[in-house]
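Below: the structure, in structure tokens.
Chain lettering (A, B and C) follows the sequence in which the chains are written, and residue indices restart at 1 in each chain.
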């Protein structure tokens, strides 16, 4: 392989690994947005909880698979509680008000975690070792393959869930028209609850997958949440395909930008691209074109 | 038709009362029996929490110990601390609160260079001694009358690293630095002192402190002609990721980290990839490995065992050590001055000679408010998951 | 689109602004108690009396910070509360103002009193240029775009260290007026109070003007307003620029007051804080904005004593207030008071 091509491949691997994580977080945003039209700015805290709780359980001597299951379950409980206690009572509030409620929830969850689990950085062990794999001259970590594999698996499962199960279809119906869904007998408030649970699950999984690479910390969710939101918007809010494409694209812009242009400005480049896309496609790449009712 | 503004007024009133409550009117001249008030503002949360957290724990622990031993000049020490979250604006308001409302006798703290720099104008005007725990050389260069600091500067870290490189015959170096205050400042210092050591910087990459992957930057460095070593100024999880990515893409040149990762945590986070990494750090990290005759040995072993007895095996870091040094320097200065009077303590601090702390031997003067030299830094290498002294 | 609206609107403008709101011709007492006159008087009284309660520089510091935040929030309230456009990037404009003052005074030797309007002019131009494409977006897309603008400003400020001092920030000299250095709480109290009064007065007048009515139409239904002949884009752009300029002015004041600026001023959190102040106090209420600024500037100071529980409590307060008072403190409380009076 010629050197420039290997280099490109290396940037590509790096980009899709970060991108897959952004995609998972973005999917979490999309799920909740679809069911409730709420943007959950505490999504990053689900990511953080996944990693931190897994670490906490591991440090208590619990096996990794069990610790992961425990962390996912606990994060889902937090997601359900958030919907039940904070979002549902404020259902009729303004968009901005709901944004601030979820931001408050994020601050609260970070505070709670720092008080109970401490403020240290923690590493999780990689799922299958730290021996890099060589692929066409470029290298990739086994953990990256885990990230890509699990993300792909989740995408397939979600696709099946939304297209082939009654519950999934109910969620889709609710996202299209809440009143109509209620009229055909869908329990809308259950659907909302479910969407928060699922979204917490996605967040927790993302947090657990990436913790062996980046280490976890009570504030690790802030930036990942923000990037996930950016990815969700880039792809088009509430669109599953959009969230995935948006996430991967964001990861690639960052790594190619850092590799070929300037590592100093790679984050700024990502936002410039998003602004550029929005200027020409005001609903993101795959977003539904909204019509405003008068 | 009393509308919203009336309510607004009432709310404003409530808020003001609340503000008044937090700051009771200052009492007249403090009696000698009153406690000595030590003010502190640290980044206990936020991106620099791994600095602020051990610093606060150290201050709390040792102030309690001093009080149990009868206090300082027979007076109790009282700690007033506020968390800045590494936000310079918060630091400034809290410093004002410490100076104006809490009326502290000294300020120890400022985990980061940014928060420290923001309060310097305030302490200079208030004429209260201020000992910072932050690394930036700009804190004490140029010298400000009331400002001191305990950690080695980033300029010294660069010097120590380049000195070591000279010994290994390395002259072409790549930098990959964090864009946070610490990384950015140290990068600047390294670029500045590199020519003094005959070092040429051939690649200069950066990453954001919250980045999750630095493979792209390292690949670029790997493909740069003639790189003989890589230096990574930065702190937090960034350097651990750099170290892992460095190993992943199979780079074989030596990797140097900075004193910003001088804790066991770094080895834990970077795992096997940390093998062979070198960094300049205070003697504290190799406390038990110091030769018996080393004057620092009793101090660093004492601090390490005291800290780890409370916070667990392997929890000690040089960051907590900076706070220890700051508190002990202040204690020594008060004892030397025979009072906690700010001006007297300032003069005593400036007259510090041969003080042994965790960072090294401190000898201050009117134009050196740090008092450490390059010998205070030790070059360490990570071998078998532990620090080893390099000679 | 042909601009037919302003003249059309002003023709319909009634001379008695207050009678329109109260339904009948206003008595002098009613005028006194209205938001515009009465509120303004109340604000002036509060400003005049407040220094009597302040005993030290720290308290002045907090109050001056409240005032600086309030200037931003009054402007942002016009955008969010009246024009119905969210911005998660106003800290960027605040920071640009602050850095314009810092850089122009230290690096180019300009007088502070000149740097402030120059900064505001620059920010106004920038806001004008980006306003049209950005304000075509709505809802969360607008939130993302403004957030992006703020973050880009933040990144540029922290990267270009040769100009801005980088992440560690830079000093800003105090302003000198006739050999007298503007330093300390009391001096800045009166400077900030004067600017705040001006900002509030501007805001109240704008709301009560024909443009203000067009603005309120925007918040309700922008398509409907468009159909009714209101050039919505023009008004949105105007308010966006105005709010950005107000943020810039506040930023310049903050820079000279605190003598130090850091890129934190442009952070996402700072933007969020401003928006939270608007919503907390009560959207579409100028005095709500003041209360929001006061409460949320005070809160961290009050919570500082709770040490590690500070963030938990702050998050909890934000959630609880927004859940139970989704309209914000001032409108909810005044609504309650009105209902109680109606019952009695």
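In this text, a contact is a pair of C-beta atoms (placed from the backbone, for glycine too) under 8 Å apart; a residue touches a chain by one contact, two chains touch by 3 or more.
In this text the structure is predicted, and so the values were computed from the model without any measurement.
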Chain contact graph, described as a line, ring, star, complete graph or other shape: complete
Pair sharing more residue contacts (C-beta pairs) when B-C is set against A-B: B-C
Inter-chain centre distance, subunit A versus subunit C - centres from mean C-alpha coordinates, in Å: 33
Distance from the mean Cα position of subunit B to that of subunit A, given in whole angstrom: 34
In subunit B, residues with contacts to at least two other chains: 44-45, 179
Sites on subunit A at which at least two other chains make contact: 114, 264, 267
Contacts with 2+ other chains: residues of subunit C: 159, 308, 310-311
Residues of subunit B that touch subunit A when the two form their complex: 44-47, 49-50, 53, 179, 205-208, 210, 212-213, 215-217, 219-220, 223, 236-237, 240-241, 244, 247-250, 265, 268-269, 271-273
Contacting residues of subunit A [partner subunit C, same complex]: 33, 39, 86, 89-90, 92-97, 99-101, 103-112, 114-115, 226, 229-230, 233, 237, 264-265, 267-268, 271-272, 274-275, 278-279, 282-284, 287, 290, 292, 294
Subunit B-touching residues of subunit A, taken from the complex the two chains share: 3, 7, 10-11, 13-15, 17-18, 21, 114, 119-121, 123, 130, 132, 139, 141, 210, 213-215, 217, 219-220, 222-224, 254-256, 258-259, 263-264, 266-267
Residue ranges of subunit C touching subunit B (in the complex, touch as defined): 22, 30, 33-35, 38-39, 42-43, 46, 50, 53, 55-59, 61-63, 65, 158-159, 161, 166-169, 171, 258-260, 262, 264-265, 282, 285, 287-288, 290-291, 294-295, 298, 300-302, 304-305, 307-308, 310-311, 329-331, 333-334, 337-338
In the complex, subunit C residues that touch subunit A: 80, 86, 133, 136-141, 143-145, 147-149, 151-152, 155-156, 159, 221-224, 227, 268, 272, 275-276, 278-280, 283, 308-319, 322-324, 326
